[in-house]
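Look at the two complexes coming up: subunit A is in both, with subunit B in one and subunit C in the other.
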Partner chain A sequence: MKKKLSLLERMAAVPHIVWIALFIVGPMLFVLYFAFTDKNNQFSFSNIGQLGNYSHIFLLSVLFALIATAVCLLIGYPLAYFMARSKPSTQRILMILLMLPMWVSLLIRTYSLLVLLDNGGLINSLLKAMGRKEPLKIIGTGFAVVLGMIYDFLPYMVLPIYTSISKLDNRYLEAAADLGCTPVGTIFRVVLPLTVPGILSGVTMVFVPSISTFYISQKLGGGKMELIGDTIERQFKQATANAYHVGAALSLVMMILILISTLIMNKISDGDEGGVLV
Partner chain B sequence: MKKIICLVLAVFLLLPALALSSCGEKATTLYVYNWGEYISDGSEGSYNTNKEFEAWYFETYGERVKVNYTTYDSNEDMYAKISGGGTKYDIVIPSDYMIARMIKEGMLRKINKENIPNLKNIDLSPVFGEAKPYYDPEQEYSVPYTYGTVGIIYDTTKVAEEDLTGWDLMWNEKYKGDILQFNNSRDAFATAMFKLGYSVNTTDEAQWRAALEELKTQRTKCDPGYVMDDVFNKMETGSAAIAPYYAGDFLTMYEENDNLALFYPPEGTNIYVDAMCILNTSKNSEIAERYINFMLSEEPAIANAEATYYASPNKLVVNSEVYKSDMAEVHEDVMDILYGTSEIPMQFYENLPDETLELINELWEKVKIN
Partner chain C sequence: MKVFSKIYLVLIFLLLYAPILVLIVFSFNEKGSFAAYTGVSLKWYRELFRDSTALDSLRNSLVLAVSSAAVATGIGTFAALGLDRMRLRWLKNSISAVTNIPMMNPDIVTGVSMMLLFVAVGGILQTDLTGFFSMLIAHITFSLPYVILSILPRFKQFDRSLREAAMDLGCTPAQSFFKIEFPHILPGIVTGFIMAFTLSLDDFVISHFVSSPDFVTLPLYIYNQTAHKVKYSMYALCTLIILAILVLLLLVNFVSGIGARGKRKKEIA
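Take a look at the complex of A and B:
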């Protein structure tokens, strides 16, 4: 029986392996191939050499993603804490409220933000009715792009933190109180260190989509705030012989960037968990 | 236990095969790949072109055909997808310059005109006069669907009449932050080329570089938004005041915001023809030809012209009183806006050599990211 099961188990993994090979490893190999060849399909470093032209775009993308992640953490952590500490019925309602926007496509959520914030949008019409002459110009600024990232990705920050806080053993908090720790002290010296894995997974889940976004920057940035995702999209859309190769090189760098940040996160989380346990 | 599992798995494996064999009389699928919102699709009670075609086909030929209709946003998107291979499309509706490129690259199939008797309804003389269409001189590969021109759309409540001098309206600092520019290299550069009085099809690098300087100046002085389809929402809500766009789309915006107006800059502007083509990879070219023929008949042609608001090259449409009165409800000067551009010098986008295309993209990047 055991032998049969293990065969089945192995069979169960087959679809997943095929899937990964076809749709993840395969395309990645294509990216690698295109990144290191020129338009005549000769091996070349010229695409990688051109990446220097885009360094300021990379920097801007990293900067925007970092700001969005930091703000998400600042808003998300207290929210997650409040959710995890409230009674189950409130938790359920808050959870639904948090998840509700996620049932709507990201494109539509972002577009509705555009409709709200645009010069002739809802907010500016309201301001105009209240007597403001010049519209408040939000769309087309970096602020709008970061706002869009925060709005779209906040739930990805709250959920893992909420999970890790609600899994926290209440006895730690009681022990801290018994030993004379203030409530605020408990949060910073007990809860926060114990929920670092949740924070790190939240940070990754916000940072990665933020740094690779192109739709948010295109719509809310009014086409003026090009991030690395937009640059890659533009390269592939140009459909000229060379653009594919530059686009692939850019994608490769972005993948490496994301890989590095994920590795750093993993490193921190491993180290910290060890520290807490000791 | 093992036997049961095997049996279950076997049944699952066989299911698709059974499903296939039971569908021996399955309808043939015709794959049509068109621009978004470029057909009368039955929404809001309008004429459903594809459904009507399926019904008409069954009535006429006694066979079931199903139209698989998908859309794209730009010629380049469509080209990238099809040249990537592995697609099933039968019919595409690219613009003139893209048709020229696809003919050159052998992607299109010659059309058997015997299957398209309604070709007699097509009259391209308002566009080309006596000349032959440059993209397909003998009309071997393409059947015109619509044509249109680019004008500058402006908000009459914000833009002063005396500023309507020409393309320099888009460089007028008075309207800083209220100007929209195309978010693609070819169209954006064309606005600068028209302003400078150059041909949009020049291969002279110096002229493209001069246009680049214009676009850079525009970006620093007027802070334009770079948009494509967002132009509708932005002009309709008054979020922007000046935008170059297609005359047919102006009518769509005008329906939502009657403060808008359109003017054709005297320096000239862009004209295009979008035409139906059959791909070389099509497996059902005869059905595709019948589809094209159907599109040229009176009822679908009028329905589509009324749904898209673009100018029609079909005589049955242009001469139709129903069409004229329906369109007059949209805008009183509709025939002038769509068909009355003979005074304005028109330029087609022709297919440029690869070096020039790469140059434009390289220069466009300087506009976008520096």
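Take a look at the complex of A and C:
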């Protein structure tokens, strides 16, 4: 039986629809507009044509983000697994320990890493005290930038994986053991396939901020590592208004890249759920 | 295996906390250097509190977080109600898809797109639109998906026959909504508000693009201060923020722990 809705119920979403039309769809249209016009507001493909100049920056960003994501997964999966397998009381404490860095601003976490690794930082001061003349150059290398990404985003990988491992029905593991699976075999043949959705959401949560970061590369790259986020940031915050058009084109490409990878991810995780049902 | 897992946990958490701990320890170092720990002092804290822009930015952050969370929760609650009642599937799905764009997009793209909106519209109107209101609009926009996400499931879980029962017993439709359905969704509204509040407090990237120098929030202040050389009063500020978050987290955990225990007691009784 369908009930008649009151006027309020029918109209309740209207303010929200107006809001998202103005402030989500509107800005997207402006990105499109700026990406396809030149500084005289004439329609042109010149911004898109210039994107070729940035291909090496794009490649470097993708490479760094991929390495950071892979390392986070390699470190984070065992961490999540061991967390989920520890005593409930320990789990509560570990959860707080994991959440705390997530709540602390990214700026502070990155800055604290800079404090540690800088030329006048703690590590180099210790090395100097131990008799090393030249400071060890860490800041300004690709290593420092990738390390920053791993350090900043590791908790985002651990949390969804931890959630999906804790939800796992213990009877699956017992069944696997009863049927002769070794403990290691159980992890690879039972736990890992069943937690793919958690892995995928962790991968997204690390990859997206890694590929779009500009603060990490600014701080830890020492101005020598330019990633796509830095390029976009510079076009909008430091250059003149004319640079907005190229910046918009770069943002558009980034948005499409992320959209495609999200769609692929969704496809994989959907396919997997189907597989489990069979 | 047991020993290995313990060592692994301790090692990773130590690495995760080492930089933060170093920051905290050296915020109390009298001499502003890593070369020597010359003694515990609150010098950098005094310097921080002498800096009125730091306190202003904290106040700005709180004002912005409370107001954006309040508006986002208001719009989001009505939106969730509307979406729950909506029968047109395609409309419902497309509204959800558009709402979630800021959640899927990298922050930098959201920030840039909003900046272009304010710059372009400001150019037409011949005024500078960036400042408190541009940040308020941006923060409301990126909080909305999280608010709706925490309220909508509450509507879905609600058993509508309860409302019909209330009306059979003499409630008007409005009474049945406020007495029966609203208390059920209230926890979702509270969660949504808290989430919007913390997201707003924490946001740097989107604010970076839509802000103007005359309304600086705490993350923007930290960004400006750390842009050039190392400042030890920043160590002090970061330490205070970390401690505040730790206290809040412990408090939330403690309160929810009591709540869970209370519930268990009630069930036993």
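Following the convention adopted for this analysis, the second predicted complex is superposed on the first by the 253 of 278 C-alpha atoms of A that agree within 3 Å, B and C clash if a C-alpha of one lies under 4 Å from a C-alpha of the other, contacts with A are read in each partner's own complex, and residues count from 1 in each chain.
Just so we're on the same page, a contact is a pair of C-beta atoms (placed from the backbone, for glycine too) under 8 Å apart; a residue touches a chain by one contact, two chains touch by 3 or more.
Keep in mind that this is a model prediction, so the values were computed, not measured.
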item: First (subunit B), second (subunit C), both or neither touched by A:256; value: neither
item: Touched partner set for A:209, first subunit B, second subunit C, both or neither; value: second
item: Contacts of A:115 with subunit B and subunit C, given as first, second, both or neither; value: both
item: Which partner, subunit B or subunit C, touches more subunit A residues; value: C
item: Partner chain(s) touched by A:219 [first = subunit B, second = subunit C, both, neither]; value: both
item: Touched partner set for A:74, first subunit B, second subunit C, both or neither; value: neither
item: Subunit B versus subunit C as contact partner of A:59, first or second or both or neither; value: neither
item: Partner chain in contact with A:103 - subunit B first, subunit C second, else both or neither; value: second
item: Subunit C-contacting residues of subunit A that also contact subunit B; value: 114-115, 118, 120-121, 124, 219, 236-237, 241
item: Footprint of subunit B on subunit A - complex, ascending; value: 1, 4, 8, 54, 56-57, 114-115, 118-121, 124, 135, 137, 139-140, 219, 222-224, 226, 231, 234, 236-243
item: Partner subunit A, residues of subunit B touching it in the complex; value: 1-2, 5, 74, 76-77, 79-80, 83, 177-178, 181, 183, 185, 223, 225-227, 230, 233-234, 237-240, 354, 357-358, 361, 365, 368-369
item: Residues of subunit C that touch subunit A when the two form their complex; value: 1, 5-6, 8-9, 12-13, 16-20, 22-23, 26, 33-35, 75-76, 78-79, 81-83, 85-86, 95, 98-99, 101-102, 104-110, 112-117, 119-120, 137-138, 140-141, 144, 148, 173, 198, 202, 204-205, 208-209, 219, 222-223, 226, 230, 234-235, 238, 241-242, 245-246, 248-250, 253
item: Residues on subunit A engaged by subunit C in the complex (per definition of touch); value: 5-6, 9-17, 19-20, 23-28, 30-31, 33-34, 75, 78-79, 82-83, 85-86, 92, 94, 96-97, 99-101, 103-109, 111-116, 118, 120-122, 124-125, 128-129, 151, 154-155, 183, 208-209, 211-212, 214-215, 219, 229, 232-233, 236-237, 241, 244, 247-248, 251, 254-255, 258-259, 262
